[in-house]
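Structure in structure tokens, see below.
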Amino acid sequence: MHKQSSNLRKKRKGTKNDLLIDEYVYTGDWKEETHVKLIQYNESTFSVHDLKVQDDPKNYFHKNEVNWVHISGLSDTALIVKMGESLGLHAPDIQDIFTSQHIAKIEPYDDKTILVINTFYFNEAKELQQEHIYMVLGEDYVFSFQESVLPLFDNVVQAIGKNVAKVRSRSADYLFFLLANNVLGNYIDVLATLEDNIEIMEEVVVGGDIPNDFGKRIQANRRDNLQLKKSILPLKDDFKNLLHNENRLIRDENKVYLNDLEDRLLFIIQSIEICRESVDALLDLYFSNNDLRMNEIMKRLTVVATIFIPLTFVVGVWGMNFKFMPELEWKYGYIMAWALMAAIVVFVWWYIKKNRWN
Amino acid sequence: MHKQSSNLRKKRKGTKNDLLIDEYVYTGDWKEETHVKLIQYNESTFSVHDLKVQDDPKNYFHKNEVNWVHISGLSDTALIVKMGESLGLHAPDIQDIFTSQHIAKIEPYDDKTILVINTFYFNEAKELQQEHIYMVLGEDYVFSFQESVLPLFDNVVQAIGKNVAKVRSRSADYLFFLLANNVLGNYIDVLATLEDNIEIMEEVVVGGDIPNDFGKRIQANRRDNLQLKKSILPLKDDFKNLLHNENRLIRDENKVYLNDLEDRLLFIIQSIEICRESVDALLDLYFSNNDLRMNEIMKRLTVVATIFIPLTFVVGVWGMNFKFMPELEWKYGYIMAWALMAAIVVFVWWYIKKNRWN
Amino acid sequence: MHKQSSNLRKKRKGTKNDLLIDEYVYTGDWKEETHVKLIQYNESTFSVHDLKVQDDPKNYFHKNEVNWVHISGLSDTALIVKMGESLGLHAPDIQDIFTSQHIAKIEPYDDKTILVINTFYFNEAKELQQEHIYMVLGEDYVFSFQESVLPLFDNVVQAIGKNVAKVRSRSADYLFFLLANNVLGNYIDVLATLEDNIEIMEEVVVGGDIPNDFGKRIQANRRDNLQLKKSILPLKDDFKNLLHNENRLIRDENKVYLNDLEDRLLFIIQSIEICRESVDALLDLYFSNNDLRMNEIMKRLTVVATIFIPLTFVVGVWGMNFKFMPELEWKYGYIMAWALMAAIVVFVWWYIKKNRWN
Amino acid sequence: MHKQSSNLRKKRKGTKNDLLIDEYVYTGDWKEETHVKLIQYNESTFSVHDLKVQDDPKNYFHKNEVNWVHISGLSDTALIVKMGESLGLHAPDIQDIFTSQHIAKIEPYDDKTILVINTFYFNEAKELQQEHIYMVLGEDYVFSFQESVLPLFDNVVQAIGKNVAKVRSRSADYLFFLLANNVLGNYIDVLATLEDNIEIMEEVVVGGDIPNDFGKRIQANRRDNLQLKKSILPLKDDFKNLLHNENRLIRDENKVYLNDLEDRLLFIIQSIEICRESVDALLDLYFSNNDLRMNEIMKRLTVVATIFIPLTFVVGVWGMNFKFMPELEWKYGYIMAWALMAAIVVFVWWYIKKNRWN
Amino acid sequence: MHKQSSNLRKKRKGTKNDLLIDEYVYTGDWKEETHVKLIQYNESTFSVHDLKVQDDPKNYFHKNEVNWVHISGLSDTALIVKMGESLGLHAPDIQDIFTSQHIAKIEPYDDKTILVINTFYFNEAKELQQEHIYMVLGEDYVFSFQESVLPLFDNVVQAIGKNVAKVRSRSADYLFFLLANNVLGNYIDVLATLEDNIEIMEEVVVGGDIPNDFGKRIQANRRDNLQLKKSILPLKDDFKNLLHNENRLIRDENKVYLNDLEDRLLFIIQSIEICRESVDALLDLYFSNNDLRMNEIMKRLTVVATIFIPLTFVVGVWGMNFKFMPELEWKYGYIMAWALMAAIVVFVWWYIKKNRWN
């Protein structure tokens, strides 16, 4: 909750009205320096360059190649604004690059298509980490912006280098799908962890040895699930639109990959839903186990009390100091007392068993 | 609840049938005098005037400028009705200006577009305050009505003065978006506070030191959330319609800002939803912690009772006054009694541990 | 529940199959005699007549005036059937006039539009009362049927007499809207009462002095809410259709009033929803307070037991009658005993405080 | 649950794959012999015949009359298959006649329209009984199949005989609506009973004398409600389609009756929904009353324990056998003891009252 | 949970990005060798061949026959990839054959239609087993892939051999429906078992002898239900599309069978929904029974305590050692004590009965 709440706060950091932007402000937590990498390839060529931050990457573009500009770290606001303007982005779109808590969306313009999405992973403290990804697909280029400098897309770079699955013979839209697929893959990793945790918690509940922070752990699981859901759900309709509407940037031969991407998206949404219902079921199990345990405790107390309270009364009786209590004088009075008490125990026990109190 | 219930009551204050309006009645709580401010600007000019309340602002309009009339305080009914009629509003629309508990909506007419929305903020008593905002967008003008005289739009006036983000070179529809954006910004502020409160309450629950008014605080949070939801949800479809339908008041070059506004709206609706689910999760946590605490209490009672009740019985036995109780005569009887009691304690303790009663 | 259940039963009273109607049967509870009132007006004229029940009101219609026939009390079945047939209603539509438990709907025919709706008010016993209203809008007339003879529409008659808001210069469709608006106004009154009750109950829960009939009162509130909901919800789509489809009975100049009516309908539906969520929140508050109170009770018991049970054991020990109990002989034995007991109390109290049992 | 579960099992009885039908199998529980009745009528004629089971009813059809074939009891599979084939039904449609657990639907073919629906009634053991009804509407005929030989449609036969509501001058589609209306009427009867039961249970809960089978009765009510819902809900869209699409079997003059039928369907669906919410509310009431009762019980125990446990300690103190216990020697020691104990009782009672423990 | 979670993990086994496929990887648990069976038939011929795994089945196809290739066991990746390529499948589609945790879907291409579905059955350990089925329908062929070598479709092979229901005179699309119908049949079997289990659990709850693993069993039932739901729900829209859109592989004469298949699908979805609501009802029953049982236990404890605690106090009184306790000296003191205690018991019992504590 903390993170999200503070993000809501941060969203407001720059200005009270985000149409009144004098100065673009990055609203996230990462303090990374901005790195710009240019990856260019076609069937026969492949090159990776680190660009100097003051350069406009478009100056380095090659014709007949796919030009992928990957920017990691958003601290160099000026540079990124320059890039955005060189791409022909509107002011609100440029601000979206810096808004780490933005609603996910696909925005298809005539000459480019924008994807805003969050990626998730667990950091070393096993807390769910969210990172804002902004991607622009153009005719022969892809721009991808990420907040951190973590190697989110290194496997894609390597695959291009090795020309895995003939990726180098495909156009920019395919690269765009590859990157989106990578992000969606992270969702599945996170969900797998959430499901593992639910399974572990289930065993804990059934085992009965509930740790004190159990409620907190359920809470955390639900919150993480909620974050995934809010980050992915808005994309459902946008993907459908992208798939079914005309979009001149997406080639017909690559629609099958977009289709595959949509399958993955639906699979994730479904898994989130199931994960959520599993937590609800876990909670019911937990509550019912608490109830059962309570019943057990009270049963024990009742049995102990029902046996000993009458006995204590009985011994109290013969502890009275009346002068004339004939049984106290009997030789076998004491034994008789024990016999009576034994009889009481037997009777109570039989009564309890008969009525299934325990 | 109080406020809202009384508003429902107030909605009925004027007349039993609100189509039978002889006299317009302001149904809100504010008693502020009516102030009328006229802000006019284009790329090169900028002026702010306080109008006398008997004037029709339209007489002061400048061609080739954006004319923004801001009315704060609705007590001067006659004046506002005159303005409404001069704008060509229908009687029900004029009554809507005065109806502080109206459903939010966008009403697109041919020559103007009306936005009815509520704004929210926390007052000094940290209670959620709601205020009814009524805005009319025309060809070259914007009228905005607010109930109080709080400076809700002063930042916009200042920004126009400073020509931030070249706002003065844009048309009236952009101003309309700016004002709506300001209102939506207030929603995000309120939501951030609600989320902070949930976080604080969560820590309280986990900490275990539940204050007596905790239930009330959860209740208040849910109620505030509900109020936000009901005030914003009806706008969802209206925004979509405004964005996708022809509307000659909204210029194509400004649609990107309307789009950005819709993103913000969706973000708010999503945040309300998440805030709500967080409260539900908090409640579950709270209930489960209550259960756990109860279990703890009962366990302790059971342990104390299970240990001492048999002991009390035992000492009662040897407190009996039978004549023939041989063990009472033994030299080591008393020590034996202590030994027996120690044995009972050990056995019961072992039994409890073995069966994990505590 | 009683009323509704009996209405379901009553719905079946007349015949097993309601398409096999030999004889029309009024299925409601009111036993009122049938009164027929004819209100006629245009800009310059206004008259109110009580018609004899055997007359067909259409014979008295004036051209160029709005003719409003208001029938209160449905016991004179024959007359009402005759009116229905004279209006050209189909047999099922005529039966609907008499079916007090009918689903709400708007039925637009070519030459008339039918509105079936329930109105609600609290009777003297503060129980929610439901009444079935049936209205027919034609070219220059409105028929309105109500079950009781309560003055539901008297304010409208008076307003027409006084020509409030120039009502007399408007056409029959405007009158139709006026009457519907009156009915919707009753919903708002009822909702305001329900919300007041929720507020009162909330204070009761927080105060902690729960009366015995509290559960019943929550139940009643939910049931009333449910009845409002089922009576108004089916109209949502019908209103939208009426507003957006061609209907030659509704003049373009009056569409703005229909629009206003739809706003009111949406406001009511929203308020019902909120009222319902408020009751749910109230229930959660109630349950959690019960839990808390239970915890309190058990804590007290546990504290009392934990302090006194060991003490009782201790005094039992020295109540034993062993011959050789050296401490009994000590001069300061008794004081020592008190000292020990005081020590036990102090220790237990400290332990309880330390572990926050209370 | 039993019935339904076994029906699921039975649905699989015939063959593992129901497209691989060698032999049609009736999957229901009724063992009734097959009876075939032919009812024929027009404005001037009316006749009812029991057909021999080997005949094809179509041979007996009269032109210019409505021919209604009613088959009760499905044990004579061969005959019914022959009829189905003579009607031109496809193999899966014929199998549907025999599938007592089929989803409800309306299937409009070019030359006939099929309605699959379940009817419900309470049997003598007051258990909800479900029966599968299959109806075929053709140009001038209606076939109706029912599982049992119960007189489900006898009132319709009688009404045709008496020409109630001029039924004999209407076409086959009207008869089709009549039969469907009869079935829907049974739903309303069942719902009225369910609502009565809820009302009774509500009084039981409020009265506090909960019988042991109360949980079971709520469960049964929910299950019956669920069965109604699943049987009627799938028809909602089908009715809408039938009403709004072209269907040459349904005459325009009879559409108003179809419309009435749809009203009834919507009324039933709404009543099911409300019935369900009433059960939920009842459950909440029940749970909250359980909680309250528990609180009551614990309060009493706590009061009893809090008063007597200290007293028992006190008397234990003076039951100790220390040599030097000066107060034991006092003349007024015993009275003082009683006075002390009375003081303790008064104090505890005051404390309890002050803190509102009971 | 375990299975599913591990499947999510496994889905990621092959590669981090499933568009970057160098090598196809089977992600399921089965280790079966790949078997290829070719079934060919028309009205007059029928043959079954086991193909060698290196052959391309298309080489063996006969014209004018339906060619059904059934592959069981997916370990021979190379072969299956070769088949997929020979069928003209895209790389992502081929990967789907190997992805045992794929979302269910129908993918209609121009010259073939793909169905991805899961089948379910209970294994010997009575655990729900899921198996991924992949089917391709072409002009005159059907390919079906299954993970295990279990005889899922043997009844279809036999039925073709015996020409049941003239299956051999029908085209490939009918075979496709047959196989799908078989899979759906398995859903109904599983649901019948789940419903039986719910019924058994319900009797257990009502009987009151709750086994310790009861919570786990409810949990398992919900999880199984969830798995069925997620596997079948995505097909609902796809079936509707297949039925209503043009598809040249599906002959008009066979649409009635597709329709029947859709009925079955809807029936399954409905049964899943009902099964789920039944579990919820069961849980409520379970919770309420727990509450009742708790109340019972506490009542007993309270009765025992309320009777004996005052008695124990009384005997304690006369166990005190005050010198001057006149009643101790009375001859009938002891009898009087018993009389008093009897009176206390009678009074307490009467009080308890009067106030209905038990």
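Here the chain labels run A, B, C, D and E in written order, and each chain numbers its own residues starting at 1.
Just so we're on the same page, a contact is a pair of C-beta atoms (placed from the backbone, for glycine too) under 8 Å apart; a residue touches a chain by one contact, two chains touch by 3 or more.
Computed from a predicted structure; not experimentally measured.
> For chain C and chain D, which third chains touch each of them?
The shared contacts of chain C and chain D amount to nothing, since no chain touches both.
> From the C-alpha centre of chain C to that of chain E, how far is it in Å?
41
> In whole angstrom, what separates the CA-based centres of chain A and chain B?
Averaging C-alpha atoms per chain gives centres 26 Å apart.
> Return the residues of chain E touching two or more other chains; collapse runs of consecutive numbers into ranges.
Within chain E, the residues that touch at least two other chains are 287, 291, 294, 298, 301, 305, 309, 312, 316, 319-321, 325.
> Name the graph shape formed by the protein chains and their touching pairs; answer line, ring, star, complete or other.
If you draw each chain as a dot and join those that touch, you get a single closed ring.
> Could you walk the ring starting from chain A, turning first toward chain E, and list the chains encountered?
Cycle of chains, anchored at chain A and oriented toward chain E: A, E, D, C, B.
> Could you list, by residue number, the parts of chain E that touch chain D in their complex?
155-156, 159, 164-165, 167, 174, 177-178, 181-182, 185, 188-189, 191-192, 195-196, 198-199, 202, 205-206, 256-257, 259-261, 263-264, 266-267, 270-271, 273-274, 277-278, 281-282, 284-285, 287-289, 291-292, 294-295, 298-299, 301-302, 305-306, 309-310, 312-313, 316-317, 319-325, 356-357
> Provide the residue numbers of chain D that touch chain E in the complex, in ascending order.
Against chain E, chain D makes touches at 1-2, 4-5, 8-9, 11-12, 16-22, 90-93, 96, 101-103, 105, 107, 208-210, 213, 215-216, 218-219, 222-223, 226, 230, 234, 283, 286-287, 290-291, 293-294, 297-298, 300-301, 304-305, 308-309, 311-312, 315-316, 318-321, 325, 327-334, 337.
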